[in-house]
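Once you scroll down, you'll see the structures, which are given as structure tokens.
Presented sequentially are two complexes of chain A, the first with chain B as partner and the second with chain C.
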Partner chain A sequence: MESVGSPNVVQIVLGFLTLVTALSVVLSKNPVVSAVNLMATLFLTGALYIGLGHFFMGAIQILIYAGAIAVLFVFIVMLLDLKPLSLTLPGRAVSIAGGVFVSLFLGLGLSVAAFRSSFGNQGAAEVESLASIASPSVISLQFLSKYHLPFQVAGLLIFATVMGVVVLGKPKKQLDQVEGK
Partner chain B sequence: MELFSGLSVTQFHVGIGVLLFCIGVSGFLIRRSGLIALMCLELMLNGVNLCLVSFSNLHRNPEGASLVLFIVLVAAAEAAVALGLFVAIFRKVGTVSLDDLRSLKG
Partner chain C sequence: MTNFEWSLLLVPLVGIALLTSVPIMVTIERRGSAWMQRRVGPNRVGPLGLLQPISDAIKLVFKEENIPAQAHKVLFILAPALAVLPPMFAFSVIPFSGTVLIGGQEFPGQIANVNVGLLLLLAITSLHVFSVLAAGWASNNKFSLMGALRASSQMISYEIAIGITITSLVMAYGTLDLREIVRAQEVGGKLGHWGVLYQPLAFLILWVCSFAETNRLPFDLPEGESELVAGYHTEYSGLKFGLFMMGEYVAMILASSFLVTLFFGGFNLPFISQAELRDLIVGWGFPLDQASWIQGLIQLAAFASKVAVFMWIFVWVRWTLPRFRYDQLMDLGWKVLLPLGILNVIATVLITFFYSGRGL
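After this line comes the complex of A and B, so read on.
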């Protein structure tokens, strides 16, 4: 649970399961399998947050991400009844090669940076306890003081989203009726 | 498990976050279905969130966790709008394959 020391067995297993499910989001042909694997990835990431001691973020992750967003994905994928698309198609070779190259390049560079850095060797980190930063009260105090304006703007964003999706979802006939045509 | 004994907890989690981000990037470039591209977008955001939470844990600073909440919120809004768009497109065109949707190309 502390930032010093090596990761324990549970964290390692959860981390690898996260990567495996994320890979199967990308590699599975059936979109429903992808969506369910996405749900598993988001759930496991929430478990990783809890393993780090951020219980509130873990709960938010599981409630909002795995519980709402991923379920929305599963719902839409099943609603659209998509046919499984093959990964390799003629004319896609350049894009596949580009994707693999970019991700290998990014992954190697960033992993070397992450693994060779000196995270965890800082003395100042041990001063405050984890409870003083990860508790809901601390985070909500930030939302009400320092991040008050962004919080309000985020509310506006959600409102605009709701309005936009309602307009998008309506058939054209009903929209014409609203406009009086 | 001995392999990871030289790593700190933060290094391990940042590494997992980085790999999640890269899996998302590769999926976004490789797959041709619009819905899968959206899922890969969520994977990328998730990798960034994992990095933010582990750095917040390392520095004992709550701002990383607050930023994660904002990211979750924007991701929810984005997913709702994009899925609504794809449903509308599917109704009109009958496909969400990104290779077939090129009417804006002229």
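After this line comes the complex of A and C, so read on.
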């Protein structure tokens, strides 16, 4: 992957756009605009993956997150017809203290993550080895061998969720019939 | 010339080709519908009415662009653009011709030769829902919102059937690379015949779903003019409305190309493999470079004519079948196509398992 070493212009622009849309998810007052921006963020993340040469990850990211989950978010928010939020802000001192607290922890976490991953030499080697899992067959083989248990557990979780949704979605009368009342 | 430069060269060519085919399709649609209904159709502008799309375009450009006072302006303007962009973007992974030689180097007839082209195509087209949703909500009109809600639930439902069906296709071809899929269907390839002979059920499911995904009749409930005025684009006028129309036709071209690539051998000519075709043209006395270009053009023509057949079927079905009722549409998606898709996956698994020696 020649693109790993230093980011090119496209990646910088994509990264910047990702940050802007991610910020406007939090900052916009209208829930629909937030949901739309969330979708844009997820799409741009997928684009970043593709820019790094990980086409499979990028395609999956866009297909699952931007194309399905975020569309459902937008769909539901539109269906509920939420009004723009009116914020009641806490006092000035509390805001400043909270801001300092959050940004300290966030900055600490980000810098630890940055120094441990892609900036050092060791991090670059890690990214190189990641590039070798770009193909779908390698990823699926990993899922069927090394990560088989987590894969199955995730499947079980999703199955349980589907069952729960079916029970919740049933009308009350049918549920009573099932329970024999 | 590098591969990147070749792709840069192809991007405007493919974009122009896609957008030029829209007015052609509009003419075919209007004249075709007139022919089916024993009317005359538009025949006044130019010879045989062939200049009608140009006058349509001029009308659309000069119409007043109305933005409703209570509309969400950003999304209202963004939505028509998003109707055209995803289908055009997704076309970049479709292989529309074989390889051509320039200075002894091979270049594919495809903008982006990606190893997961099939997935990328599905991913980008799944964003198409969003333009309909945004248009319906941003218009601040109850008919538009109803249309958008219908569109999104319809498209999401049918995408599940598509996803399941694609699984069995991937098992049959053993790859996600669209170029490899086309190569598998040529004479002497992995399958050796058109994919539709091996996956007829998958073809039927994807064919029906392609009508639902492009919001064409009999699945045009999001627009349903007898119920919802014009659905999600009620409030649009001028070129913005024109963009929605363009998006619909480009999406039709994309869906047709998708079916052709997966099931009908893509750019392959029947009964002759790519290498044999090149040898044949070299045998006519052309140097190798020129022969590869002639071969590329012949394959492009083969691809285009296969796509044209499907485009005509789109028009044909639109003026033949009435619109579904909403519950019938949902029943078809969830109770017919999805179980059939799952059945097809099971059948493909069993056949692949028992006949794995035969390469299917």
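We adopt the following convention: the second predicted complex is superposed on the first by the 130 of 181 C-alpha atoms of A that agree within 3 Å, B and C clash if a C-alpha of one lies under 4 Å from a C-alpha of the other, contacts with A are read in each partner's own complex, and residues count from 1 in each chain.
The definition used in the following text is that contacts are C-beta pairs under 8 Å (C-beta built on N, C-alpha and C of every residue); 3 or more make two chains touch, one makes a residue touch a chain.
Quick caveat: nothing in here was measured; it's all calculated off a predicted structure.
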*asked:* So in the superposed three-chain picture, is A:V32 touching just chain B, just chain C, both, or none of them (first/second/both/neither)?
replied: second
*asked:* So in the superposed three-chain picture, is A:L80 touching just chain B, just chain C, both, or none of them (first/second/both/neither)?
replied: first
*asked:* Looking at A:F55, would you say it contacts chain B, chain C, both, or neither? Reply first, second, both or neither.
replied: second
*Could you let me know whether more residues of chain A are touched by chain B or by chain C?*
B
*Could you tell me if A:L110 is touching chain B, chain C, both of them or neither one (first, second, both, neither)?*
first
*Should A:V138 be classified as contacting the first partner (chain B), the second (chain C), both, or neither?*
first
_Touched partner set for A:L72, first chain B, second chain C, both or neither_ = both
*Answer with first, second, both or neither: which of chain B and chain C does A:F43 touch in the superposed model?*
second
*Touching chain B and also chain C: which chain A residues?*
56, 60, 68, 72, 79
*Under the touch definition given earlier, write down the residues of chain A that touch chain C in their complex.*
30, 32-33, 36, 39, 43, 46, 50, 55-56, 58-60, 62-63, 66-68, 71-72, 74-75, 78-79, 135-136
*Interface residues, chain C side, partner chain A - complex*: 72, 75, 114-116, 119-120, 122-124, 126-127, 129-130, 133-134, 136-137, 145, 148-149, 152-153, 156, 159, 176
*Mind pulling up the chain B residues that touch chain A in the complex?*
1, 4-16, 18-33, 35-36, 38-40, 42-43, 46, 49-50, 53-54, 56-63, 65-66, 68-70, 72-77, 79-81, 83-88, 90, 96-97
*Can you check the complex and tell me which residues of chain A touch chain B?*
2-7, 9, 11-12, 15, 18-19, 22-23, 25-26, 31, 34-35, 38, 41-42, 45, 48-49, 52-54, 56-57, 60-61, 64-65, 68-70, 72-73, 76-77, 79-80, 82, 85, 87, 89, 92, 95-96, 98-100, 102-104, 106-107, 110-111, 114-115, 117, 119-122, 124-125, 127-130, 132-134, 138-139, 142-143, 147, 150, 154, 157-158, 161-162, 164-165, 168-169
